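Below you'll find a set of structures to go through.
Each of the next two complexes has chain A plus one more chain, namely chain B in the first and chain C in the second.
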Partner chain A sequence: MSTIQLKNISKSYATNLVLNNVSLTVEDREFLTLVGPSGCGKSTLLRVIAGLETPESGSVAIDERLVTKTAPAHRNLAMVFQSYALYPHLSVRENMKTPLKLRDLSIIQRLPLIGPLIAPGKYQSLNNQVEETAATLRINEYLERRPGQLSGGQRQRAALGRAMVRTPLAFLMDEPLSNLDAALRVHMRAELSELHRNLETTFVYVTHDQSEALTMSDRVAVMMDGTIVQIGTPEEIYNQPEFLSVAEFLGSPKINRLELTDEVIAKLKMPSKAQLLKADIDLQLIKHVCFRPEHVTLSNANNKPEAVVRHVENLGSEFFVHAELAVAGCRIILKLDAPTGSAINIGEVLRLSINPNSMLFFDESGNRIRGREHLEDAVA
Partner chain B sequence: MSTGSRSAYWFVAPAIILMGLIFFIPVLMALGLGFTNYSLGNSGFDFVAFENFEKIFTRRSYEKMWGATLTYVLVVVPLSVLLGLAAALAINSVTRFRDVYKTIYFLPVMATLMAMAIVWQIMLHPTAGVINRTLASGCDVEFAYGVLSGAYFGFDPLTSWYGNACADVMPNWLGDKKYAIWVICFIGVWQNFGFNMVLYLAGLTSVSRELYMAAQMDGAGSAWDRFRLVTWPALGPTTVFVVTISTIRGFQVFDIVEAFYGFGSAGPGKSAYVMMFAIFEKGIKQNLIGIGSAITIIFLIFVMFITLVQRYLVERRVHYS
Partner chain C sequence: MSYDIGNSLKHTALILGALVVILPFYFMLSYSLQSQREIETGLSPGGVNAGFFGSQSLVLDKDCLQANTPERKEIEVAKTSYPGKTEREIYNILLKEVETSCSSRPALMNYSMAFTKAPLLRYLLNGVIVTLSIFLIQVVVALPAAYALAKLRFLGRDFIFSIVLLCLLVPVHAIALPLYVILAKLGLTNTYAALIIPWTISVFGIFLMRQFFLTVPDDLIDAARMDGMSEFSIIWRVMLPTAVPALLAFGIFSVVAHWNDYFWPRVVITGDPNLFTPPLGMRVFKQDTEGDLHGPMMAVAVIVVAPLMIAFLMAQKRFIEGITFTGMK
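Our next item is the complex of A and B:
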């Protein structure tokens, strides 16, 4: 059991409000990701949980025990840092042993040379714990090496090992994959998820990378400007964003956005005025209409809107086609499969069909406007 | 030999010639002269083998040189390094007036030693100096006298240094051979630790903040634990450099002695007869180039040795990558 409860956390540096009344509950054994653009306060929030930062107001509870004023060392949480923060002068073994030593040994027992003589049994058990963890992470071969002699991926594992070795209540991870190269990052994503399943421990993971958030998490909390704007499963966050900012932050390539003017509605004819009215969406309120690149398909019908191809990105398995919508005067991106995409040339005029069900509407201040029912049902 | 490699020699020639002229040839000449009894102006000289070196290691007058030099190095190096580290850590931990503190501690490094020597001479004057007058005024204050002389703790005040000074006369700091080298050491520490502090401050900026956080997460609750786990190892390269440069500067000390005791004297009873001063006195003043060169060579060997130790440490031990 390890739930983490944050209530009304506020924190500011000088006059800059970094966290604005944030409340959050991390469930037991959950993989929760805090995601947001840089400077949104996600790392600060993680440090508040860790105890490295003290909030100006609000409370932190771990397993219903109030720890707002407790020192980081006594919260029994482990943290993995972006820079790994391994002690450069110690071998991987000593790095992993450090948290155990500081927790389990007295000051005298920690003394070099004398310590192991006084408490050989304790040292033996610490060594065993290190060996065990190292075996889980498959890092036994380089236990004697220093961090400087390791590759990025190996350092990452060593840092994980140091966090795991004392079986903490929860793991806090601050962008742990962002210093790895792209291929390794994707690989470590899978490994971290697997590790989470095997350890059955709570993970709080901070990243600015929306793909990490979507691929690894049980739940995602999107942070903007010091507040959590939306929290939910990756599917919810991706498909039903509550705010324009959330919709635009998640998904790669970025969600397409059109400014909805009367002219656009008239010429695009999607959604039609009748459709919108039937769905009980107040047209006056709608400022933006958004749809994901994968929800645009090519069409042969003459009444569909035209777009001129400006740029084609070949990703091998799929193609991103950048096209200029004549009516709206703006660029949108289409995600097409390889056979379709490879046939498209720059300058070509395409006719597009956008699934009305996938359209998201937002008002002037970026809040989502939901219809009473799905548009398709309204049509039927 | 191909043309390509011959042109390479032309490119390095200016540097090689310059280094030879201003470095290698003088060193080799000093080495050669160290084995002779040459004096400037003499038409000839004799080869005396190791006689000069033998003198340096056996004669009583050089015993004073070794005593003064080693005392200075062994006192000033550890103290100025530790004080430099302490000042750097203290400045690093305060949030306000950092620059003010930095300036204050660095001022002795910047100040002209000649001017500072005059100020210290006035302050250390046996009767009129502010230091002795402060000490003397303490004799009349019962509490100060009691604590400093140990009378409060049940000791006989006359067995203590302070009690004696009160009963008799205040010490003549610069003129008494009992104190002279220690005063020189004190001035050396005062003048040098600011420099070490700046080096340590630079070293501290390279310590990653995340490492401190990691240490806190790992349970290093006290400041001492974090210092042991993060700060001290991270300052390893800085410490090696600071100790090396302080030691070399320690062996090089000359200006303080010269500034305090003036041309030709090395303190009361030659008690501050440091190595550089010996080179100056023998080689320049007494025109004994041979023995002056011999001391110079010994000095060079010291410096080389320290530098080699430093290189070894830097390459093998304190750089962790």
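Our next item is the complex of A and C:
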């Protein structure tokens, strides 16, 4: 059992408010991701949990034990850093042994040469723990090497090993994959998720990469400007964003956004005024309408809006088509399957159909506007 | 390859510069091999200049001669060996023998005098003790200071650092007198302490290490904190091992400066010659009334600079790395 509870955390550097009254509960054995653009305060929040930063106000509790003023080492948390932060002068084995030595041995027992003579049993047990962890991570072959002699992926594993070896209450990870190349990053994503399932420990994971957040987490907390704007499962965050900023941050390629003017409504006819009124959505409030690229399909019907193809991206399994919507005068992106996409040429005029049910409406300040009823029902 | 005027000019300038640096060393080495007369006149006994090594013709050690001049008693004893000779003749024969045994090649004489007339080994030992103590204490002081200035957040840090920078501008000679007065009042003149204490806080060391520590990622320090290290263990067990290249660079500057220092030991070591550092060894041969003994003096100079020269040749790459590292190319 290890929950982490943050209450009303505020933190500022000089005059810059980095965390603004943040409250968050991380459930036991949960994989929670803090995601947001750089400078949103997600790393600072993680460091507050770790104890590396002291908040100006608010409290941190781990397993209902208040640790706001406790030193990092006494919180029994492990952290994995973006730069791995392995001790460059020590072998992987010594790197992994260091936290154990500092926790389990007295000052005298830590002395070189004399220490192992005084407490041979303890040293034996430390070695066994290191070996076990190394076996789990499959890093036995390079335990004797120094970090400088390892590849990025191997260093990543060694850093994980150093975190895992002392079986902490929770793992804190600060963008651990961002220094890896793209292929390895995708591979490590799966491996980290698997590790989380096997260890059955709480993970708090910080990233600016929305795809990492969506693929790995049980829950995602989206942070903007020092506050958590929305928290929920990846599905909720992706499909039902509460704010325009969240909708635009998640998803690749980015969600399509149109400014909803009377002209657009009149010419696009999707959704129709009647539909909106019936769904009890106040037309006056709507400023933006958004829809994901995968919700746009090609249509043959003559009354559908026209778009001119400007650019086609071939991703092998799918195609991203950038098209200019004549009425709204802006570009949107369509995600099409390979057979459909490969037939499209630049300059071609397409007729588009957008599922009204997948449309998201936002007001001027970027807040979501929800109808009382489902839009699709309104059509019927 | 075509002839390049620009490059030729550069090389000429460099060669001239090199000559300016090398010539004193050339004379030091050359004089350490020659007799006093050759040094003073520039001519060997034959009346020509014999070049770098001098003529190496035998010279007489006057002190040796004076100490061993045949006395009455020795002449009496020698009478049995030379029957039928007058005392005058025997005296002359004995004197010849002494003269032969007291003569040697000037090179040999200069270097043996460097070790016999001045306890040079003792001075070299003093030099090792003083330079190593200074360097060790400098590291003990500079590392925590540099760590605090580079990595800890506290009120007035930048102000303190600007004071450190300001101290870099104060020349040693400007504060030599007050320093001497303080040491004298504490009764520390003519001790190792007087040679060591004034140099234990190296502003340059603090500055250099701080600049290096700025390049150490914060994550590494945070990782050590998560592992449960205290701030002091972080300094000695994480920062020190990563800072070895910077420490070597600093060590080179520190050791060279204090091994070669003539000024400060001359100020604080006034009585006890047992505390002389190697450069002070040259003073033994500066005999104001009778003229200086240039040959042995230069021999001492050669012996003093030799360890650094050998160290430089062996660790040439490191030296250059160290100097480029500090951005002082």
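Convention: the second predicted complex is superposed on the first by the 380 of 380 C-alpha atoms of A that agree within 3 Å, B and C clash if a C-alpha of one lies under 4 Å from a C-alpha of the other, contacts with A are read in each partner's own complex, and residues count from 1 in each chain.
The criterion applied here is as follows: a contact is a pair of C-beta atoms (placed from the backbone, for glycine too) under 8 Å apart; a residue touches a chain by one contact, two chains touch by 3 or more.
Because the structure is predicted, anything quoted here is derived from the model rather than measured.
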| item | value |
| --- | --- |
| Fit or clash - chain C, chain B, common chain A | clash |
| Chain B versus chain C as contact partner of A:Ala50, first or second or both or neither | both |
| First (chain B), second (chain C), both or neither touched by A:Gln82 | both |
| Partner chain(s) touched by A:Pro147 [first = chain B, second = chain C, both, neither] | first |
| Segment of chain C that clashes with chain B, given the candidates 2-10, 74-82 or 272-280 | 272-280 |
| Footprint overlap on chain A, comparing chain B with chain C | 47, 50, 52, 71-74, 77-79, 81-83, 85-89, 98-99, 102-103, 162 |
| Sites on chain A touched by chain B in the complex | 47, 50-52, 71-74, 77-79, 81-83, 85-90, 98-99, 102-103, 146-149, 162 |
| Of all residues in chain B, those that touch chain A in their complex | 208, 210-211, 213-221, 225, 229-230, 233-234, 236, 320-321 |
| Chain A partner contacts - residues on chain C that touch it in the complex | 217, 219-220, 222-229, 238, 241-242 |
| In the complex with chain C, residue positions of chain A that touch it | 47, 50, 52, 71-74, 77-79, 81-89, 98-99, 102-103, 162 |
